[in-house]
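These are the structures in question, set out in turn.
Note that subunit A is present in both complexes that follow, paired respectively with subunit B and with subunit C.
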Partner chain A sequence: MKKISIYQIAAKNLLRKRTRSALTLVGIGLSAWVLASLLGFNRGYDSALKKDIDNMGFQVLLTAKGCPYEAATLMLKGGTGLRYMDETVVADILSQSEVESVTPMLMQAVFDPERGDSGAIDAYLGIDPATYPQMKSFLKFKQGGWFKDPDAHVAVLGYEAAELEQREVGDKLLIPDKNIELTVVGILERSGTQDDGTIFVPIRMLQKEFGQQGKLTAVGIKVERKADTAALENRLYELPDVQVVSMAQVKNTIMSLVATAKVMVLSIAVIAILISMLGVINTILMSVLERTQEIGIMKSMGAMPADVFRMIWTETIILCLLGGTLGLAMAFSLAKVTDLLIRRLLPYTPTGSLILISPGLMITTFTVVLGIGLISGVYPAWRAARVRPLESIRSEGD
Partner chain B sequence: MAENTLALEAEHLRKVYRRGREEIVAVDDISLQVKKGEFISFIGPSGSGKSTLINLIGCLDNATSGSMRVGGEEVLSNGRGLSEAALTRIRRRVFGYIFQRFYLVPTLTLYENIVMPFAFFQKPGGAADPMEIIRFLDLEKRLKHRPGELSGGEMQRVAIARALVNKPEILLADEPTGNLDSHLGQEIGGILRTLNEKEGVTVLLVTHNPLMAALAQRTITLHDGRFV
Partner chain C sequence: MRKRLVLVMLLAVAALPLLAAVGCELNDPDRDVKRLFPQSTGYRTIYASILGRGGAALLQRVEQRLGDRFKGLFETADVPYTLYHIFKGQETIGYIHGVNQKGRYGGIQAVLALDVDGRILAFYYQRLTNSSARLLRDPAFGAQFTGLNLRDFDAYDPASGHADPGGRIAAIRNPAPGAEDDFRATLRAVKKNLILCDEFLLGNKFLEREKSQ
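So, the complex of A and B:
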């Protein structure tokens, strides 16, 4: 004998007012989408930012005091604003037990009157071919490769620098004002970092040509995997006339800037969830009120208050589970669109994927949506459970 | 009369409603004994207390005062009734209900409507075979149809089938033909009579219709909440 269960009755009840059920379902789906995207954004943004910072190749940057952010200094003061450290600092850094490797760097800038309408600053980054390529092993070449000789008059161009200079491997490049000719030996692929706009040259050649022998503007420090970076930073601060820039600090600064945007998005998610909760309560309560007589008849047939409560609660949970599935499907399939929207809204975004929808996140979203269903269903289910059989038949006349 | 031959026994039942300051006595000092297998019809004008009485008898409402025993179990003693849960347990074991309106669930098929009581309760070892009832009520060709696709007579037959699946000891029928034409009314009346005669089901029928009332072995007329 085929029977019907309370759960089947509940599921079929949702088909009674299809449009109303569908609209409620879409409402839950939208709030689940917002929630999943927000959680995915929180995780994705952190992960992409970490990846960007890891792609810098070093966790700590040492610069001469007064010049913590060399790119900014160049923009404001040109080459004159640069400050230098003595090359001997490299040995001091290497003596620290937490340090895995270091790479010295010298930044020089030259005003190019031929660039644009009123000229612009060309920046050259002198690097050590023995250490820098190892530290930045993720950089890929579009053409050519790294130079090997630290004294050679050669250059490697970042992707955008090559586009701007319109140079290919084998072409010549002239440093304005100095009349020094460099041969392009490599062009990098796009990395999405500041390396794209950099002209890399051998450090010793740059020191010699610009009269800065034995001078550096920065030292990149790669820290041992399990080392205490904070302790290392504290000891580096004791070195004379240097500034320590921790990538963890940079990350924290960016994260605190983005925190405001996250709070805004979180507020929108909370409002969306509250609206969908009210939608669910309204739909189920309306359905209960419309079915008062039917529920009364069920009770006259022997349905206990707990049976009726379970039936109505099941309806709410089915709506929320379907809505949650819809929302997760939307979050998953529209992650790229959401990514683009967020990139338009935020002042700075890392290069990787901003929305990461993981299985754990899907479970969290589902749990929250199910929680909404459980809470939203309580009042309508309680109202239904209290219906007395007599209420349904009082209108029968006498 | 030996107690085990009684399906139901009520003494001095009284039901008073309040409407503002006014007191309305819907059932006034009614005493009644119903034998197992009996078919009784209650007849009387609108407002005479027929439906209120059948609601009290069917444990759908508590009387203001009086006593009542159903199937040997005391459900009302000097106006003190049982809890809603206890009344539900008695309802699901003893009674089957048929109303003027059919109250079928529109999203369920005819078959699903008939077996719906099993979702809440199935009398242990005592439930009927739904297909047997369906054949008896000539509904087997429309099992997958929904209520909206059925005629009034078919819908009432579905409601009767639903009331019978848990093999009730007492079938309460409150104006079951009120929404049907005379031909269909006679058909439903015939079904009630057959259930009583062949299956031994105790039937208590509320009706306005003297022809329907005449199907019963005993007819009780009510006026102003009292037996006439």
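So, the complex of A and C:
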């Protein structure tokens, strides 16, 4: 006589009500998907933000006081109201022991009345070719390369700036209002950062053409690997008329803003898990109630309460194993879609993948789903184990 | 079939961020549509690319009709074009379409408003960088394009800038002699724009005429 295992019985029981089992499976799968995506988002967002901040090339940015209003000034006054620092500040910064290197920058903007319907602002970032490319060594070129001469009338364009202006290496750019011609010497590859929309020009040329010799709008500071950044920031605050923007602070501010969104998503995940838990209990309990006589017969044939408990619990575990697998497969294959949806919802998202699904995260999700399944299965399995054979058989036909 | 449809939809969504090139959208569609078609009651936005509508074969046909190759980093077959289908009630009353064109000092965005027969109702620059931009943006310059259609551009060769001496294109005057590059770029942009409108909106009715000639 062929023996049948408890797992086979459990699987067969689930297959008897295919639609119900399938719906429960989808419910568990969706919960596992939400959970895995949320955990992946937690890791992915942090990692992408860190990468973005690292990609800035410097950990501390020194700007002239009043620069938080720079954007508004640029828009309203075409750069005439920008605040400047004296170039001598670079030597002061370099004298700090924690500083590995610095790069001076000058932002200038001009109003082009012929652009668009009511004119638009063109902004140019003057950079030092001796220091800036080293700090931004991750930037790759689609065409050409960095300029070497700080006085040359040349420009390097971020990918989007080049695309908008339809520029390539060798093409000309015109600084409106001043009628200064620049030659494009490099087009950057898309980096997904603010560099994509930037027009880089040599700093000395920009200072000269805009009458801002010896003036800067910002200094990027790269800190020694093991240096105390906080102590350096405190000392930089003592410099006159400057303000210090720490990238660590920027990261913390963004993270605290995103924390609200994360709590909301976590709440949704918890609700989804609770619903799927109720779904599992409902499915298994219904199955137990429908099979009361059958369980009674099994017990009358010698099955012990522990056997019945194990059989029902196994059904729950099978459902959760399959649902967990389905959810993880969805999380993995739809990570790009989830990424896209999150980007549309959040006001700021870093570049790079926002959903990072690692093997560790998959194991965690699987364990949680299995744990939920085990807990959900206890009550139906206990009810089944308590079925009294004679009463259940007698109730047939009621 | 259903499986394929789901797969195609998923791939389409997943592929959205891969669209690299930039199209030419109206700055303010609600306002611009009303300005170009005051009688309109609504519009529908259509996105199309040469790659999506016919791939290499379509690119070859468009280049052939244009009489010039697509050039450079940004004039590629995957550029998504934004076309505006204009309605008055249920009736189509025209189209608006803009294209990007490489100019001497920057990107030119040349926008056309067309009637249902593909005739130009209005032309204007949405973007233009040039020291003579004021002259080219003069409405009198744009008005020279009104009433033209793709047939008028048949004999115009954007590569050489040669136009039929007795034709309507040769009659278009450049108001900025110092901006000859951008003037020629504008004519190329208008011809390319009309070809793309014929391909994407008008069912190639001008192509049929070109073949029959």
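Brief remarks follow.
Note that the second predicted complex is superposed on the first by the 383 of 398 C-alpha atoms of A that agree within 3 Å, B and C clash if a C-alpha of one lies under 4 Å from a C-alpha of the other, contacts with A are read in each partner's own complex, and residues count from 1 in each chain.
The criterion applied here is as follows: a contact is a pair of C-beta atoms (placed from the backbone, for glycine too) under 8 Å apart; a residue touches a chain by one contact, two chains touch by 3 or more.
Here the structure is a predicted model, which is why all the values come from computation and not from measurement.
When the two structures are aligned on the shared chain, A:Ser300 is found in touch with subunit B, with no touch to subunit C. In the superposed pair of complexes, A:Asn13 makes contact with subunit B only, with no contact to subunit C. By the touch criterion stated above, A:Leu164 is placed in contact with subunit C alone, subunit B being left untouched.
Contact with neither subunit B nor subunit C is seen for A:Lys140 once the two complexes are overlaid on the shared chain. Of the two partner chains placed around the shared chain by superposition, subunit B is the only one that A:Arg388 touches, whereas subunit C remains out of contact. In the superposed pair of complexes, A:Arg344 makes contact with neither subunit B nor subunit C. Residues 10, 13-14, 16-17, 20-22, 27-28, 72-75, 100-108, 126-131, 133-134, 137 of subunit C are the ones touching subunit A in the complex. Those residues of subunit B that touch subunit A in the complex are listed here as 26, 46-52, 55, 58, 60-61, 84-85, 88, 91-92, 95, 97, 99-101, 103, 105-108, 111-112, 115-121, 129-131, 162, 166, 174-175, 178.
Within the complex formed with subunit C, the residues of subunit A that make contact are 112, 114-117, 142-143, 160, 162-168, 171-174, 176, 179, 181, 187, 190, 334, 336-337, 340.
Contact residues on subunit A toward subunit B in their complex (touch as defined above): 1-6, 8-9, 12-13, 15-16, 293-294, 297-305, 307, 388-390, 392-393, 396-398.
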